[in-house]
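Consider the two complexes below, in which chain A is the common component and chain B and chain C are the respective partners.
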Partner chain A sequence: MAEPRTLFDKIWRSHVVSRQDDGTCLLYIDMHLVHEVTSPQAFEGLRLADRALRRPDATIAVADHNVPTSDRSRGIDDPESRLQVETLERNVREFGVPYFAINDTRQGIVHIIGPEEGLSQPGMTIVCGDSHTATHGAMGALAFGIGTSEVEHVLATQTLIQAPAKNMKVAVNGTLGAGVSPKDVILAIIGKIGTAGGTGHVIEYVGSTFRQMSMEGRMTVCNMTIEGGARAGLVAPDEVTFAYVKGRPYAPKGGAWELALAYWKTLPSDPGAHYDKEAFLDAGAIAPHVTWGTSPQDVLPVTGRVPDPAGVEDPLKRAAMERSLQYMQLAPKTPLVEIPVERVFIGSCTNSRIEDLRAAAAIAKGRRVAEGVRALVVPGSGLVKRQAEEEGLDRIFLEAGFEWREPGCSNCMSMNNDRAEHGERVASTSNRNFEGRQGKNAKTHLMGPAMAAAAAVTGRITDVRELG
Partner chain B sequence: MEKFTQLTGVAAPMPMINIDTDKIFPAVYLKTIKRTGLSKHLFEEVRFRPDGSENPDFVLNQTPYRNAKILVGGDNFGCGSSREHAPWALLDFGIRAVIAPSFADIFYNNCFKNGLLPIALPQAEVDLLMDDARKGANAILTIDLEGGTITRPDGGKIRFEIDPFRKHCLLEGLDDIGLTEQKAAAIKTFEEDARRARPWLFGITARSAS
Partner chain C sequence: MIAGRVWKFGDNINTDLILPGPYLYRSPEEQARAVFEANRPGWVDQVKKGDAIVAGFNFGMGSSRPAARSLKNCGVGFVFAETINGLFFRNSVNFGLLAFECPGVSRAFEEGDMAELSLEEWRVRNPRSGETLSVSRVPDELLSIMQGGGIFPLMEARGLIAPRA
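Up next, the complex of A and B:
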């Protein structure tokens, strides 16, 4: 009998073009997502070497990082942002890449629109010059972020030179408590394994908690796999996956659907498959989580207090904690729920899907954004925005004093003009709390969408379970 | 790509864990469409004061580290975003090698594509090199990629491993795409087989969405 294989092993093996003696493989790529920030130098490289795009039919481009989230009918004001988007537009024309223009309803954050359009499918290898490509692993695909040299390599050859990764299993079982979201699950996982816990591995998320989770929730979890050090995280495809993919614009249809479905059903890990590393969490024990520092692993249940560096033995870790607290302007032992916020950002490839907006709107409904707080809601795509408007979520947000914006990456990394000013403290549904990421001296607290909405209406970090 | 064989130069100490790519190269400058001249924004948030003047406390603003060719850092170096602007900016500043206990995967890969050598060593050995790097004008290390050794200022040697394929590419300055193009026949065969086995994966974005 064949050796039992993991989902990752199966996808990997079916994409190996050639293998060297040292294990390095030439891996075939099924889908290449391209955005404006990490591609200009790659297209320039092709041009200089007179190379063509090998598979336009497996490539698609969208501008998301630089796009304004205010009225964009007049184009982009910032000259550098405009140049970068225009450069992408010139490159897609020259190389024949299918493209969603910034005024197309299907435009949005690349990691939102891949699954939404049915471009990301189970069993695929998917890459993008963006570390949050891990998101698409929720489809049961091997999806990972690459650098610009690798973008050029894929454009030219549709392959990548890759050293094989190890298998890591993260098992979460049980039912999540009321007010606890997939974001809390992944924050709790990162808190447990650390930001380098998955380095060199591909994480498979297994257990009843993920089986019960929607595709949107699985995407939130897989999205932040990179914050746990692993380039890719995936969830085995199941009936929830198939129901999600079916009927989407670029999904297989008719006979091709039946063929694909039969194949997808062979993908889940075999019983007894080997994992090199494992971690286990109990879903029932996970509370809403929030970060207090400048690394995603600086995370605690919202019921906790800011930690005290005095209790940390390792001098490098103590220094890192002291530096974090100084940057965050937080005193040790402060209850997290006493930290006031000045800005709220609900959006990003982590939490800007319809379910995220529904969860935030449920808290916003009938309440008001607190005095002195500015709160942005940025849908992940034009289609998410349209659906939210059909459900009346925009009215709820606007009546509560939130801003309702156009889709894009926005204040997650602030390449457009959505930026925290004057070192504001931000309750954010994005994925990174690094120094300066949301604006100069901006102090980021990562949390789920309902938690961010709760912070907006109370003006401080709040346990969403107390708002009901 | 520039070859990497031997490197002798000043090593700068950066005893911090989780030095992320936003810190190395802030997102706001990712709007560039070029890959050159990026060192002016390297470590910008800590390297410059709000008025634009140099922060004298930052190591790369100090003599002799201003001319550093090597960085010695903490665990999980290069975590965060996939931006290749991070290695581009390091190289543009003159850094050709980074030594740390561990690296984030994407940053690690990106380094090799650009002739920048990332060396992962056990913490105890990084600690020794961190001490060496604090020796100012004497903080000179020699890295020999072929032999896999770092020679310390006192003449002592520390061994390191790099996987053979990556090492070969660095030593020869090989262009990955050129190497892969030599396997064009294998790629074509793979595609023909894949088209038979998984036909729905072909023509996806060429179809107009329905």
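Up next, the complex of A and C:
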């Protein structure tokens, strides 16, 4: 009998074009997602070498980082952002890449629209010049970010040279408590394994918690796999996955659907498959989580207090914590729920799907954004925005004093004009709390969408379970 | 054997520190001037060609941006870290930055030490202490890309693609 294989092993092996003695493989890529930040040099490289795009039908482009999220009728004010988007538009025309233009309802964050359009499917290899490509692993695909240097290689050859990763299993079992979201699950995982915990591995998320989770929740979890050190994270495809994919514009149809479905059902890891590393969490013990520092592993349950460097023995780790707290301007032992916020960002490829917006709206409904707080809601795509408006979520947000914006990456890394000013403290549903990412000296606290909405209406970090 | 003077960094040094977001659309030269401007302002004026970075776990965590190119362009000869983030490592290979995992390295070197690397033996030595550590071996093909200056220079040198202007 054949050796039991993991989901990752199966996808990897079915895409190897050639393998060298040292283990390095040439890997076939099924879907290449392209955005304006990491593609210009790659297209320029093709042009200089007079090369064509290998598979226009397996490539799709969208502008997301540099698009304005308010009043698009005026175009893009910022010259650098405008040039970047115009360059992408010129490149997709010249090379024949399918493109969702800014005024297309399907435009949005690349990692939102891949699953939404049915472009991302189980068993695929999916890459994008963007580290949060890990999101698509929720489909049961091997999806990982590639360096800007690799984008050209994929455009030209539809392959990549890669060394295989090791397998890591993260098992979460049990039912999540009220007010606890998939974002809290991934923050708790990163808190446990650390941002270096998955280095060199592909993480498979297993256990009843993920089986009970919606596809959108799985996307939130897989999205932040990269923050746990691994390039890719995935969830085995199941009936939830198949029901999600079926009927989407780019999903297989008719006989092709039946063939695909039969294949997808062979993908889950075999019983007894080997994992090089394992971690276990109990879902029932996970509380809403919030970050206090400048790395996603600087995370605690919202009921906790800012840690005290004095209690850290390792001098390097103590110095790192002191530096983080100095940047965040937080005193040790401060209860997290006493930290005031000045800005709230609900959006990003982590948390801008319809379920995220519903969760935030449920808290916003009938309440008001606190005095002195500016709160942005940025849907992940035009289709998410339309759906939210059909459900009346936009009215709830607007009546509560939130800003209702056009889709894009927005204040997650602030390459458009959505930026925290004057070192503001931000409650954010995004994925990285690095220094200066949301604006110069901006102090980011990562959390889930309902938690961010709760912070908006109280003006401080709040345990959403207390708002009911 | 290649040798370089050591600059020490901690765990989880991220791509946004190496190549800050506001510089993403600037020239590679301007990007190289911005390396570590938030966490170690002035460092780019101190680092000399061929110097070594010694760091902790998960060096290069973060985004797809060409942060490895910036380190190479500001003169860094090689990077040793306890572990290196996978995406950053790929960029290191493709931009020709020598970046290696080396368990124990952050304890074995102090800032200002020399690091002597032997790729024949896959070892790095600290001449001050006399300590020698194993460097995790990189597959030959990837090493040849790194040493060839990166993926495109190597393919040009092998006549696989036309040289760029």
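Basically, the second predicted complex is superposed on the first by the 468 of 468 C-alpha atoms of A that agree within 3 Å, B and C clash if a C-alpha of one lies under 4 Å from a C-alpha of the other, contacts with A are read in each partner's own complex, and residues count from 1 in each chain.
One rule holds in what follows: a residue touches a chain if its C-beta (ideal position, glycine included) is under 8 Å from a C-beta of that chain, and two chains touch if they have at least 3 such contacts.
Note that the coordinates shown come from a computational prediction; the quantities given were computed from them, not determined experimentally.
On the superposed chain A, the two partners chain B and chain C do not both fit; they clash. Shared-chain residue A:Ala49: touches chain B and chain C both. Applying the stated contact rule after C-alpha superposition, one finds that A:Ala163 touches each of chain B and chain C. Contact comparison for chain A: of chain B and chain C, B touches the greater number of residues.
After overlaying the two complexes on the shared chain, residue contacts for A:Tyr250 are found with chain B alone; chain C is out of touch. When both complexes are overlaid on chain A, the residue A:Ala260 reaches chain B alone and has no touch with chain C. When the two complexes are overlaid on their common chain A, residue A:Ile113 makes contact with neither chain B nor chain C. When the two complexes are overlaid on their common chain A, residue A:Ser149 makes contact with chain B and with chain C alike. Contact with chain B, but none with chain C, is seen for A:Pro98 once the two complexes are overlaid on the shared chain.
Looking at the shared chain after the overlay, A:Glu80 reaches both chain B and chain C. In the superposition on chain A, the residues of chain A touched by chain B in one structure and by chain C in the other are 20, 22, 24, 37-38, 49, 80, 83-84, 129-131, 145-150, 152-153, 161, 163, 195-196, 199-200, 226, 229-231, 295, 316-317, 319-320, 323, 413-415, 432, 434-437. On the side of chain C, the complex with chain A involves touching residues 10-12, 14, 16-17, 20-21, 24-25, 38-39, 56-58, 61-66, 68-69, 82-87, 90-91, 94-95, 106, 139-142, 150-152, 161-162, 164-165. Contact residues of chain A toward chain C in the complex are 20, 22-24, 37-38, 45, 48-50, 80, 83-84, 129-131, 144-150, 152-153, 161-163, 165, 194-196, 199-200, 226-227, 229-231, 295, 297, 316-317, 319-320, 323, 413-415, 432, 434-437.
For chain A in complex with chain B, the touching residues are 17-18, 20, 22, 24, 26, 28, 30-31, 37-38, 40-41, 44, 49, 51, 56-60, 65-66, 78, 80-81, 83-84, 87, 98, 106, 117, 119, 121, 123-124, 129-131, 145-150, 152-153, 156-159, 161, 163, 195-196, 199-200, 226, 229-231, 249-250, 252-253, 256-257, 259-260, 263, 295, 316-317, 319-320, 323, 413-415, 432, 434-437, 440. Within the complex formed with chain A, the chain B residues making contact are 15-18, 20, 22-23, 26-28, 30-35, 45, 74-76, 79-84, 87, 102-106, 109-110, 113-114, 163-165, 176-177, 179-181, 183, 186-187, 190-191, 194, 198-207, 209-210.
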